[in-house]
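Letters are used for the chains, namely A, B, C, D, E and F, taken in the order the chains are written, and counting of residues starts over at 1 for each.
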Amino acid sequence: MRQRKYDLITFGEAMLRLSPPDFHRLEQANWLEVKVGGGELNVAVAAARLGLKCAWVSALPDNPLGRIVINKVREQGIDTSYILLSLKGRQGLYFVEFGASPRASQVLYDRQYSSVSMIKPADVAWDRILSQAKAFHVSGITPALSESAAETTLAALKSAKENGCVVSYDLNYRSKLWATPEANKCQAPMMDYVDILITTEEDTHKVFGLKGKNYEDTARKLADKFGFKAVTVTLRGDVSVLKNTWTSIAFSKGKIYSDKIYDVEIIDRIGAGDSFSAGFIYGYLNGGVQKGLQYGNALAALKHSIPGDFCWSDIKEVEAQIQGANLRIMR
Amino acid sequence: MRQRKYDLITFGEAMLRLSPPDFHRLEQANWLEVKVGGGELNVAVAAARLGLKCAWVSALPDNPLGRIVINKVREQGIDTSYILLSLKGRQGLYFVEFGASPRASQVLYDRQYSSVSMIKPADVAWDRILSQAKAFHVSGITPALSESAAETTLAALKSAKENGCVVSYDLNYRSKLWATPEANKCQAPMMDYVDILITTEEDTHKVFGLKGKNYEDTARKLADKFGFKAVTVTLRGDVSVLKNTWTSIAFSKGKIYSDKIYDVEIIDRIGAGDSFSAGFIYGYLNGGVQKGLQYGNALAALKHSIPGDFCWSDIKEVEAQIQGANLRIMR
Amino acid sequence: MRQRKYDLITFGEAMLRLSPPDFHRLEQANWLEVKVGGGELNVAVAAARLGLKCAWVSALPDNPLGRIVINKVREQGIDTSYILLSLKGRQGLYFVEFGASPRASQVLYDRQYSSVSMIKPADVAWDRILSQAKAFHVSGITPALSESAAETTLAALKSAKENGCVVSYDLNYRSKLWATPEANKCQAPMMDYVDILITTEEDTHKVFGLKGKNYEDTARKLADKFGFKAVTVTLRGDVSVLKNTWTSIAFSKGKIYSDKIYDVEIIDRIGAGDSFSAGFIYGYLNGGVQKGLQYGNALAALKHSIPGDFCWSDIKEVEAQIQGANLRIMR
Amino acid sequence: MRQRKYDLITFGEAMLRLSPPDFHRLEQANWLEVKVGGGELNVAVAAARLGLKCAWVSALPDNPLGRIVINKVREQGIDTSYILLSLKGRQGLYFVEFGASPRASQVLYDRQYSSVSMIKPADVAWDRILSQAKAFHVSGITPALSESAAETTLAALKSAKENGCVVSYDLNYRSKLWATPEANKCQAPMMDYVDILITTEEDTHKVFGLKGKNYEDTARKLADKFGFKAVTVTLRGDVSVLKNTWTSIAFSKGKIYSDKIYDVEIIDRIGAGDSFSAGFIYGYLNGGVQKGLQYGNALAALKHSIPGDFCWSDIKEVEAQIQGANLRIMR
Amino acid sequence: MRQRKYDLITFGEAMLRLSPPDFHRLEQANWLEVKVGGGELNVAVAAARLGLKCAWVSALPDNPLGRIVINKVREQGIDTSYILLSLKGRQGLYFVEFGASPRASQVLYDRQYSSVSMIKPADVAWDRILSQAKAFHVSGITPALSESAAETTLAALKSAKENGCVVSYDLNYRSKLWATPEANKCQAPMMDYVDILITTEEDTHKVFGLKGKNYEDTARKLADKFGFKAVTVTLRGDVSVLKNTWTSIAFSKGKIYSDKIYDVEIIDRIGAGDSFSAGFIYGYLNGGVQKGLQYGNALAALKHSIPGDFCWSDIKEVEAQIQGANLRIMR
Amino acid sequence: MRQRKYDLITFGEAMLRLSPPDFHRLEQANWLEVKVGGGELNVAVAAARLGLKCAWVSALPDNPLGRIVINKVREQGIDTSYILLSLKGRQGLYFVEFGASPRASQVLYDRQYSSVSMIKPADVAWDRILSQAKAFHVSGITPALSESAAETTLAALKSAKENGCVVSYDLNYRSKLWATPEANKCQAPMMDYVDILITTEEDTHKVFGLKGKNYEDTARKLADKFGFKAVTVTLRGDVSVLKNTWTSIAFSKGKIYSDKIYDVEIIDRIGAGDSFSAGFIYGYLNGGVQKGLQYGNALAALKHSIPGDFCWSDIKEVEAQIQGANLRIMR
């Protein structure tokens, strides 16, 4: 499989992200900072920055807003050949306001009627794309976008499986997009094609109605039920709005894996989970579950300190974290 | 009619307006300035700043984006009692990039599925509102938003007429919203309820297929055809992208009215036509057609120098312009 | 009293607030952010955002700076009919620089000769205003502005009492404005008209020379001495410049009330006390002392996370805090 | 006189100058840019940048705002030893909003009760200062600040004359500070000590009631009446708000001097007259009236392109303008 | 040649470009805007945006500053495979301050010791690269960087010729980098490999000592002397610093070609010449000299209105200009 | 020695410091904030703000970037007479990106080929300068810049000793500038001329290979070995990237001195060590080692809260910290 052109293909929506500066409420905004983000794109960016060859599959409107997205994807060295430039639908947006204790940060989505929500299975030549890839990643956000997006996701998962890709799936339940019964009904069948499930205790309970005695038990139960090669459960501790802890555990082939706990000062926590996914995939492909956990956690921890959805880091910084980086200024 | 509570009611959509600074293309945007605008709201704001008591009728989503709009309307001292806070639809947006010769400024609308496009005649108690008003104003944008918005516009116009309001209508044809046959079919019947038509030669030709030998003749033909009390034709000269001239003529009861030509250096030309409408209404209500023309032109000229859709000016500045204001710094 | 037009009238000064960004010292400023604030206005804003119908009484210069203030008051949906637009006096300003441990934040006032400091009892028709109101609020800053402002405050308090308003008074001692003997002499007689005193242990000692064995005893002694219906003592814990705790206790009719302690990460602590006042008044009017304490503390805690003097929050957020809000991002 | 320590001493007020960006009206301001300016300080700065050794005499409050001013004066290499740090009075401010045709730029002063307005003759050791200087400059703004400032100005002029300084006076009439009879009564006696008067036709007429047949005649009449060594009349042509022309003429010892007319694109015209004064003084001291005119006009023309009151230029740029500088980009 | 992978390869330096906002002098800078630019990169960007497949050859330091450059190149969809990431040398910078009449804009270079100045012929596999390309472009800046850069340029030109590329060369004399005799000695031999020379009258005279009777004659003489297939002479008219005219003429095979003159309002004129080159190459490859001239002039004219070195335009806008675009706002 | 003109002379490099806002990575930068800094200049600034008369010796390029530095030095009231304006070399730059846990802040230097690195002993008249000074300060960065800079540093140290100055030396080892053997070889001989050594345990070990049992022992060993009058060891505790503790100890004449530990919230920690040096020198000159320690620690602690390299504080704030300043807002 060494000769495949891509290390990782991801599929999903990207939005323009608009946020007021300096902890202003959205209602106070005179200016909005423009960034680009979306779960699976964030994974591709973080993975590409670690050195993986990545492509991202999506649909974007053929207008300046869609071009902002495509430009920012190219900027990260990600292949954009499989993005559908569409005359249908609009560019999805989301607004984020950053909080401080006791006010939590908040996201307001304006993503309805987006081009990617109108994507159909026939729009993407999955076999052609995925036969060139080592791994495929998608999250539970993509099938939640629309019925046709769900069908396209299922087609992608099947094709990935058939083409021998390592398939990872981030459960990522979004209550604004669908109800839990709907999420269950749509995603349960998809799990047949998934090798690695990335989830939290809360989402597992909501989507699959499954609750273990503890983190480890939840992971084990999930693996048992769906036959995953690996399950990871990410664990965030909310010390305050601006200070969290981060770690995760994994279960694979009868064994529990764990890693150190990171203290993080939060500049921007959006995309931390996606950075975990990227780091986990990188480590898993290059050494297995324990390495995946370590790279995933280090990258996720770093992400909290970086503005925007994207994790502007690199392999050296990740490995320095794993080895126990210093907090002093580096001159 | 002196004892009516409002001098002017307007009805239409307001959007969040997002624009990159310093002549950047939209595709280059790292930041977007947030302002609020929309034809009929712009008229209400400009009129309120001249001293008229105004209310604006619209629908907005009940979320922080809708609240930005309502806050900015209140900030201008406009009555917001008749705004429908809706759980349906989204907040309309538009993006503007400012150009310089030879690149024209451009607008990108993202206004589909807005709350106001879902408004229905039953949502507004027009008789209750308009019986308290001296004048009512709407533009051709509002009926273009949707079929139900067109029906609501027609209901408003009828009610305004019945309640003895002075009714002004800015033809404002928007090709992105509808085709000319559709615009004609919808609006021609509305003209029965209109006292004052504000238009350009180009829009008149597109919507009504009517073309005079010159500006004056166009105005005359319009008045003859529809029986308007007054018709104004605004005249913009494009010296360059950053330098224009502005004036307008009017026809009323057999007579042509004209005014001086203003040289304008363009900081932000959006809303200049709406400022003209506001100034014309103010002057017409307080003295007639010639005064309307003078106040309209002065306010429109001033608007070009003011950032945003709103015309942050006042009656003193308008009257100083009419009397021939100095271009020197005022200390 | 249900049919009164206003829930709350407040009276005091508002200043333009100018602050350098990003923790710069004032002496380093190249840019100053413009906001508007002032104790009693802050109370009106926070209360209006909870749903109370409010008006704010003050005087402002009739120039663009005064108009900034009036615009921002209107933006919050507060009635501005009783603001005196004056040709006398200037717009008060204050400069704030934000600190981090061990450097405390600092305020520099430039409020002398303001229009409101020249206000006289004859300038305000208190009976006409307060006969329409359920509650009246003022702080110890207003009488400190000038002798005539003190006379006008006394007139207001008397009228409020006579008109059956619930009268709340925030002691708020400002050493830059007056000395303690002066503050005592002026305010002690005012206490006859006050139902609810909002204070701190420190201010109580400075102004009334009164010191209890503890918070509760101080509150009790105050109530005993002046016959207040309720006394609240706000309690701020300075963990660091950027991290505080907040709570308060109350004494009313022989009983001590208390509430949970909030951990707050400080974005902008100015106006937290005013938010407490607003929340207390809201809760007191709608349920009594315990509810007042809870709404006051929740709103004060939230305020620390919001830029500016104003508390851009709402009733839902307050109630979520009272019920124990999550610190996770809300999507 | 070669061995004197200072080439030029100026005396007057400096204010913090606060202006909203991007042509926003003051009423629209969310941010204000902070700069420092004031007629005579501007002259000192422009002269110091040409190479003259300068000191500026004034009074400032001993607080962070006063320190901003003193810092910016030091930044320009101007001697600040003679600035009185005062516990009395406040830091004067002025607000400026930049316009575009047909809206003129506007200044709003908030300079009352400033420390410098409270200056008294006994506060400054004029003889000690001026005995070290070749030239002294003041404008008609300084005596307009207050009666005691006028007395201090008169004391300075007398001392300058006695100490053999070249004395220049910029008439600079400010209607916001005093009425014309008052300006006349105060300044006419001062003219006895003045060598060089810098004025405009309009100010000459207002203050001295003197009007010539043309510019040249006005200059001649002034020189005849007051016995000036030189009179300059600056001539601004208002093509539009953003485009002006600039030149000036001089009369000295029976002879009229003139110079070329500069076309200027206006970025910030405030301080252009002060730059003229600085350039004229520089040229006059180093070569006489014609050189003064050339350096004054070149520096004034350059000033229009530079943000802020200060003329961030230098002698090379001035001489390049005199020789006919290219408008192409300089690489 | 249709099947070649690249339409255009360019070779040269790119710098970080740092510029203070709002017409501030560099000496006044508190903030610097970061953009990326360099002659041949600008050509590649402008050409890629018209639809050509482009790669850019250069060397960059392997640090965050070099990565900014590579990111911005990727963002434009340009192939970055042939960029040498180097441990030698630094990232070149340039500072630009924007002027207004009579102050010209100015550039300050800080590009010495850059990684690309240390490039050697052996660092680039020209034959491998250029055998895949239809066209090659370089300017006179690249050989001026250093001796080894000149040798590498010569190697590139020879390889381009041998590989059958259309070779264009922009003479672009930079006096800060070398003297005219040196520029002549180095570049005259290079002309043997050039098909299309892009130049100005002034540079032609300085570098080749060649001066025609007029533009046309200069072009003809150049073509005669060096045997170019086409020579273009760009013609800029300096109406003012902020207003220019732009056109160009060409000479090819005995015939003079000309095009209309564009009036341009200058937002940022840097890179206009490079945009001309890109447009000319595009048009030349797709239709010949006249088309080259039209596309080059339209793109150059548009560039003046766009911030940064890069020409964020596209083929539709260029063709609209050629057909005579409207200056009105496009909705 | 009371009559000496300067209290303190420092010698070293100053760089333009460019940093992206709001915790952005350097690679994400669209804007860079411009400040000025450099070890010995930072000491002079902090000392001048405490009231010492200071001059700073350096070399700067004679261009706008060098002028930014000289302007900012003058702004702080520091004598710039001894700065060499050079035609050789460039303006050194450094880029800083601010981190949050677990990402440390990082500095990227671009200081090679700077004008000051080309300074030679003959360029500075050390005896003339230092005979007017009470104290001289330099750090280990200056000799690390180049061989000639090291020679110039040695010349300065000798002259300082001969002229009876108190000589302080901050060891400040920079691994980017030189290796430890080189640093040892160059600096060990310099120690003969040093009275006060300011260092950390880590630098002491790296440069002098000296390691005590603890802080106190390290200081004692250093004093013993080199015969210093005083040695200080600064002690930073890294609680997190945004939260540190700060204190220091000193050894002098057989005695250990210590001070309280400050908790600091980090806005900008660059220059904290330099502020310590300035405070120590101030206190040492005005009272001895214990006072030096107290003033040094207080100033260093304050510095962490102030943006930029410079410590915009003053003697009042330092003394308030020593006495135990309140963390509450100061009104």
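One rule holds for everything that comes next: a contact is a pair of C-beta atoms (placed from the backbone, for glycine too) under 8 Å apart; a residue touches a chain by one contact, two chains touch by 3 or more.
Remember, predicted model here, so these are calculated numbers, not experimental data.
Farthest chain from subunit B (centres taken as the mean of C-alpha atoms): F.
Separating the CA-averaged centres of subunit C and subunit F is a span of 45 Å.
Subunit B and subunit C, compared by their mean Cα positions, are separated by 41 Å.
Residue numbers of subunit D whose C-beta contacts span two or more other chains: 22, 25, 27, 30, 71. A complete list of chain pairs in contact reads A-B, A-C, A-E, A-F, B-C, B-D, B-E, C-D, C-F, D-E, D-F, E-F. Subunit C makes touch with subunit B in their complex at residues 71-72, 74-77, 80.
Of all residues in subunit F, only 18, 25-27, 29-34, 63-65, 67-68, 71, 90-91, 93, 95, 97, 108, 110, 112-113 touch subunit E in the complex they form. Across the complex, subunit D is touched by residues 21-22, 262-267, 301-302, 304-308, 312-313, 317, 321, 325-331 of subunit B. Of all the residues in subunit E, the ones that touch subunit D in their complex are 22-25, 27-28, 99-107, 109, 174-176, 236, 238, 240-242, 269-270.
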